[in-house]
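Two complexes come next, and they have one chain in common, subunit A, joined by subunit B in the first and subunit C in the second.
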Partner chain A sequence: MKSTKNESPIRLLVSAIVLFEAITLLLIAIKPPFLNTEALMLAVALPLLCWISTILLPKFVPMDQLLMALTNFLCGVGIIILYSIVPERGLRQALLFALGLGAMMAGVLFVRWIRNWKTLCWLMIPASIGLLLLPIAVGVWNNDVKNIIAMRWFGNFQPSEIVKLMAMLVLAHFFSQRRGIRRKLPALLFVAACLGVLLLQRDLGTALMYYLTALAMYFVSTGNGLISLLGLVGAAVSAVVAYHIPGFAYVRVRVAIWRNPWDTALGSGYQIIQALMAIGSGGLWGLGLGLGLPRIIPAYHTDFIFAVICEQFGLVFGVCVVLVYVALLARGFSIALRARRSFYALLAFGCTTLLGIQTFVIIGGVIKMIPLTGITMPFVSYGGTSLVSCLTLIGFLHGVSARIEADTEQDIAIVEASEDTYDYDYDYDDDDDEYDDEDDWEVAEA
Partner chain B sequence: MSQEYYELLVLAARYVFALLGVIVVWRATRWLRQDYRQRRWVMSALPDAGYIGTLYVMEGQSKHLSPDDSLPLPTEGLLGCGAGCDVRVLHPTVSRRHAMFEFRTDGLHLRPYRDERLQVDGHPLPQGCEAILNHGAILTLGGVMLQLRLFAGVQAITAFEPEPEPAKGERA
Partner chain C sequence: MKAMRRNMRLIVAIVMCLFVGLFAYFSYSVYFYGGRWFNNPYNPRLNTQRQAVRPGTVMDRDGEPLAFTDSGGTRRYARDNNTRRAVSHVIGDNAGNVNGVETFHAQYLLGFKTSILERLAQVFQGGERRGDDIYLTLSAKLNTYISRNFPSGRSGAVVILNYRTGDIYAMVSKPDFDPNRIDVAKREEGGSSLLNRATQGLYPPGSTFKIVTQAAALNNLPNARSRPYDCSGALEVEKSVVTEAGNNVHGNVTLQEAFAKSCNVTYSQLALELGYDRMNTEAAAFGLGDNFLFRDLVVYNSIYPTDKRSADDLAWSGLGQGRVLVTPLHMAMTAACIANNGVMVEPRLLRQVTGPQGQRRLLGAPRPYRTALSPETAAALRADMVAAVSTGSTGSGARIRGFTVGGKTGSAEAADDKTIQPHAWFVGFVDDPNHPLAIAVLVEFSGSGGQVAAPLARRFLQRAIDLGL
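Right after this comes the complex of A and B.
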């Protein structure tokens, strides 16, 4: 087979990412009045981690280098932005990135080596519901949403981020069953239960992600356009109902500030106006790393981090970040299309769709394309659970990619074995009763 | 370094960052295109990649189907005339979704979809039952008679990886 190792654009891609990380962190390190040694250490550690995970690690663990490189770039941008604003947060994010890489490895091996998913998926269903119920019992309210648990040493923990990993596996397993709606029912009930708990937490952003991903996976697995369309209509009706009922009054506020934030410029529309002003003031090339006023934007480190990127690095760089997400999604869908078994295809499709919806919802909200929903920007926003779960999703994609490589090797072996044994002589004699033997087939009651 | 010089340096660095961002996007796009071409090349070198054999049409004539046709057979999927089927048998007597199949180490597992009529080697396959077909087995769907022809090297699959144990009650 033709080797493409030398032709691969990996070296220049990784060099560009390493250079970006090193220059930005060096700039932060030499910022007057004193030399920041911590940033200097990070300027060495982060590019090194990028190089190890993209070039060295795939030699030992089966991984997709393009996915790894793009993930490194996005995580790097997040760490640098956070470090330039609040160094403690940036440092914590870098540590969580290293932890997330470990989780990614686990995800790769999990998908690569586990064959029997049935028992595991049945166990994941009650575990997921239990995890989702935890914040209702012991969680804390955060911006009208009760979806996190505050831990003294660990920090905030968001169970719905971990549950989305399990949900992908459960949905892929049950939707890959080709035996009608009855076999898919546990997955549908599971999604319904998850949505119910998320509504109790008032976490509409996460509920939207779960619902749209499940719907897309259902459509892809069954090809049933009518039910999928009904699902979409149902979602639209639910959104209208949520808009009108008093329990979800903040939905009405979000829609109002989306339509015209200037009405409440110093109230609920303040954050979106500040985000838009930050993007505008950045211009094409940005105000320069560390020179803007990102702290003015509320939730600058989580929901509105894309506005900070545009302010500091400019619109050109912001568009590049969006295009990197597009490339990441294109790679994910390409992996899903190449998978041989429906379980792996659905898993890759689900993980990619989930990341795509999450990215679209948050970036669309920040640039006022759609009403703002409080979810994190994958790989970039500050948040340990989100970063680790997104990296694990990428780990699943790596695992599926590794399976595809193994399947291609099998194909080559089959062709070679075929060439060794027969030369595809299919002049089969219809009168030959060699295969009419009763032993060649068997019927069994299910 | 004074604050003024530092600000000048940061302002100049903005263009470098934008350039590096463009390079990342450009190389990623090139990688995707190159990978697509390489996949096409591999697929052209392995025309049967992803398939375990063919279903040879012995009987059954329609506008889109004629005897001696060979339908490529993937490792698992649906058999029928519907657009979503993995193996499309375009014949008026074949249902949109007629049967489900899955290749395992012991052969091709075939099961009728709902209550569709199916015969394996001349024996009717009752609803809810599963047949295990090997090379040369003949299946009849409506007015179409098909013969299973597995690739000679398909047995190599079993040498690579053992299939997971089937669920209890799924087959004998």
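Right after this comes the complex of A and C.
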């Protein structure tokens, strides 16, 4: 916010993104046979949205501009690609992006201003489980997985995406309690319950994401390497078990496809082969926006959107997109490392890890590095719930970043006010004794 | 908090490592497989491009058109009936039934390699978009000759290549098909004529594999040359007995004599003495078990068993039986490597690619695929192979007047039923700087290599020399 030093690089970055979005959409707009006014409007609206969210909004709401710019780029790429293939989907994605920015604002304010997390977290536990149970009761099967509720006016709704947000808050809250397993127990039980329900939905991809994130948060908060390692081994063992039991037969199919998709090029390997061919077709610099045959790939707009990006924009651009993810993660982790209190540190860390694992699992799956798991590519994939929830995760990160700045300002104010009577044991206004923060002055000292 | 930050840094490092791995794998797989992902018959983009671009012409090394698009936009193949069939597997078809040049080099033929400047030039000149023309290393005349003189009614494959440059002069697979009537070929016998046996047919190499066993012995046993070998006509292993062809007993022989007489007992003994590890190392040096990723053509991987199943299996592997499997092209490369001082050159099919305005595409120089042997071992093996043809009884059918020919025959048992004839093999080379030719001939279920394959090799090599190759 106040960092005038960083102002101009950010502006440069934002200008580049705005330019990219405007040019690509103009290109779609002037594509023969006629001038596409809809695309023209989008070519104005999307850069405007980018400018508002990265330059204008941070003046009123505390936000991290770099994080916002990177997020904007990824969302912009998703909207542009989707619009070039199916305009209606691109428009819907753009609307959801605007909605998601709203949700993000809510997330920022939520983290910045809420003081009493205890009651809230206890309330969120049953709410989460309830939401996760919904698809089992009223959901529809979607490729062996039952994780979606179809609603007439809202489209598809995936509760696990929303529960993701609550889980981050709940885990950060309980794991930041002072040492002792008893205090952390509710979180562990909560994770176990979530995993159980997700397994009932047969949604192994999401279960894997939840589990690995929870494990990373557990390790970070306790430093117990042995148990964390055991947890990792346990995950591997259960993966092997899932491979062998008939209830998860699709796991075996996925692994077989991963090992050699070419044997079943027209059957079960069709998807991944179409994706690989799309990547191979793009070459280094791509076939060009709107060219190629993206619609050949099944699920081109959700799971396989990375293959479409590679086909149209080329491998160099594909690598750049992954680099942007890495930069985003690095920013998130740096916020987590700068946080003063363990709750905020864990929250920022959890959100970033979750995004990182999700990105790795889906891109790794599309390029056949690991077996494919049907999850969305954060910010880019078509899908309302996913986009909104990922943006809210970014909102949490902004919130934590805002807390850090507020705390730093407070420190400076205190130091300036009473240079000689500085007291290391100063209690922050809302410091909760439950949290494990006895040494949070060390940053101020540094 | 301090401990927490330390733990966090650890996890951050792990996550970043994951992404580094992602980049590494992505670059690796796109670099090595990207072209294969694109140029494959399942890729619908190729057909789409065919609507927009007039595909280029495929010609043999002398410029004879083997596949071209006529003014009406129909893809046509060589006019001469025999030529069309002789090169059918190399050319393939554009519907993706056979993965030949038409599919595997579609990126050239369909103009995917055309640069933006060339595209602009085409736009200004007017007229339709054109793909690149391809000159193959193949000689249509030699292919046609081989195809016509192959034993009629037999299946098999012949490969002739230049052992210095890797240029493939001939690659014939039998039975062949007529690309103009591919539906007929697909119906007959489940489409088995569509298989390119030279690159996709995995056969037991039989005694031709003794080249590899011999190399392993020369490299690992210091006295391999000097000591005597005694062939009693049969060698009992654990569960099976290795016998000689025609129940011969070779008696006391030197290593070179054993090679020339193709003594099974000697080579199974050598395999047992060397053991799986050293045999496997040598086989791997020749490229068995390697994932061939050649730039110009797809070749199935050859197999040497690595699971150490039994002594019987090991003994039989020494003479190329059991679970050893190779393609005829790979055996031609093996012979080529002996003639080329132990360096195996990557086989090449593209001689030149020309853009629509006559500009040449860069194809890269001939590239050594791997060094299988030291020059000394290669020279020793070359002498053994020359002796097998000039003095031995097995390879005598391949002698060419005025030229030094080296080779090895093979009669590979492919069925347990003794009434079924073995696959006849001959692999060899012409040791001549002006005609650096290597050959592999395989005739399925037709008899002994010496009687069937060696005389064919002589005719085909003679023809190649006559054509000035």
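Assume the second predicted complex is superposed on the first by the 409 of 446 C-alpha atoms of A that agree within 3 Å, B and C clash if a C-alpha of one lies under 4 Å from a C-alpha of the other, contacts with A are read in each partner's own complex, and residues count from 1 in each chain.
By definition in this document, a contact is a pair of C-beta atoms (placed from the backbone, for glycine too) under 8 Å apart; a residue touches a chain by one contact, two chains touch by 3 or more.
All values reported here derive from a predicted model rather than from experimental measurement.
J.: Pick one for A:Gly384: touches subunit B only (first), subunit C only (second), both, or neither.
T.: Touch partners of A:Gly384: none, neither subunit B nor subunit C.
J.: Go through the superposed model and pick first if A:Gly280 touches only subunit B, second if only subunit C, both, or neither.
T.: Touch status of A:Gly280: second partner only.
J.: Specify the partner with more touching residues on subunit A, choosing between subunit B and subunit C.
T.: Counting contacted residues of subunit A, the larger count belongs to B.
J.: Please indicate which partner A:Ser342 is in contact with in the superposed arrangement: first for subunit B, second for subunit C, both, or neither.
T.: A:Ser342: touches subunit B and subunit C.
J.: Contact-wise, after the overlay, does A:Leu266 reach subunit B, subunit C, both or neither (first, second, both, neither)?
T.: Touch status of A:Leu266: second partner only.
J.: For A:Ala413, using the defined touch cut-off, is the partner it touches subunit B, subunit C, both, or neither? Pick first, second, both or neither.
T.: A:Ala413: touches subunit B, not subunit C.
J.: Give one of first, second, both or neither to describe whether A:Ile30 is in contact with subunit B, with subunit C, with both, or with none.
T.: A:Ile30: touches subunit B, not subunit C.
J.: Using the touch definition from the top, say if A:Leu289 reaches subunit B (first), subunit C (second), both or neither.
T.: The answer is first: A:Leu289 touches subunit B but not subunit C.
J.: Who does A:Gly107 touch here: subunit B (first), subunit C (second), both, or neither?
T.: After superposing on A, A:Gly107 lies clear of both subunit B and subunit C.
J.: Scan A:Ile367 for contacts with subunit B and subunit C and give back first, second, both or neither.
T.: After superposing on A, A:Ile367 lies in contact with subunit C but is clear of subunit B.
J.: Touching subunit B in one complex and subunit C in the other: list those residues of subunit A.
T.: Shared contact residues on subunit A: 223, 330, 340-342, 436, 440, 442.
J.: If we count contacts the way the header does, which residues on subunit A are in touch with subunit C in the complex?
T.: 216, 219-221, 223, 265-266, 273, 276-277, 279-281, 283, 292-293, 296, 315, 318-319, 322, 325-326, 329-330, 333, 336-337, 340-342, 345-346, 349, 353, 356-357, 360, 363-364, 367-369, 436-440, 442
J.: Can you list the subunit C residues touching subunit A in their complex?
T.: So the residues of subunit C in touch with subunit A come to 1-12, 15-16, 18-19, 21-23, 25-26, 29-30, 33-38, 40, 42-45, 48, 112.
J.: Which residues, counting only subunit A, touch subunit B once they are in their complex?
T.: By the definition above, subunit A touches subunit B via 1-2, 4, 7-10, 12-13, 16-17, 19-20, 23-24, 27, 30-32, 66, 69-70, 73, 115-116, 118, 178-180, 223, 285-286, 288-291, 313-314, 316-317, 320-321, 323-324, 327, 330-331, 334, 338, 340-342, 406-422, 424, 426, 428, 430, 434-436, 440-446.
J.: Show me the residue ranges of subunit B that touch subunit A in the complex, using the header's touch definition.
T.: It comes out as residues 1-3, 6-7, 9-11, 13-18, 20-25, 27-32, 34-36, 38-39, 41-42, 45-46, 48-50, 56, 58, 74-78, 83-84, 100, 111, 114, 120-121, 123, 125-126, 128-138, 147, 149, 151-157, 159-165, 167, 169-172.
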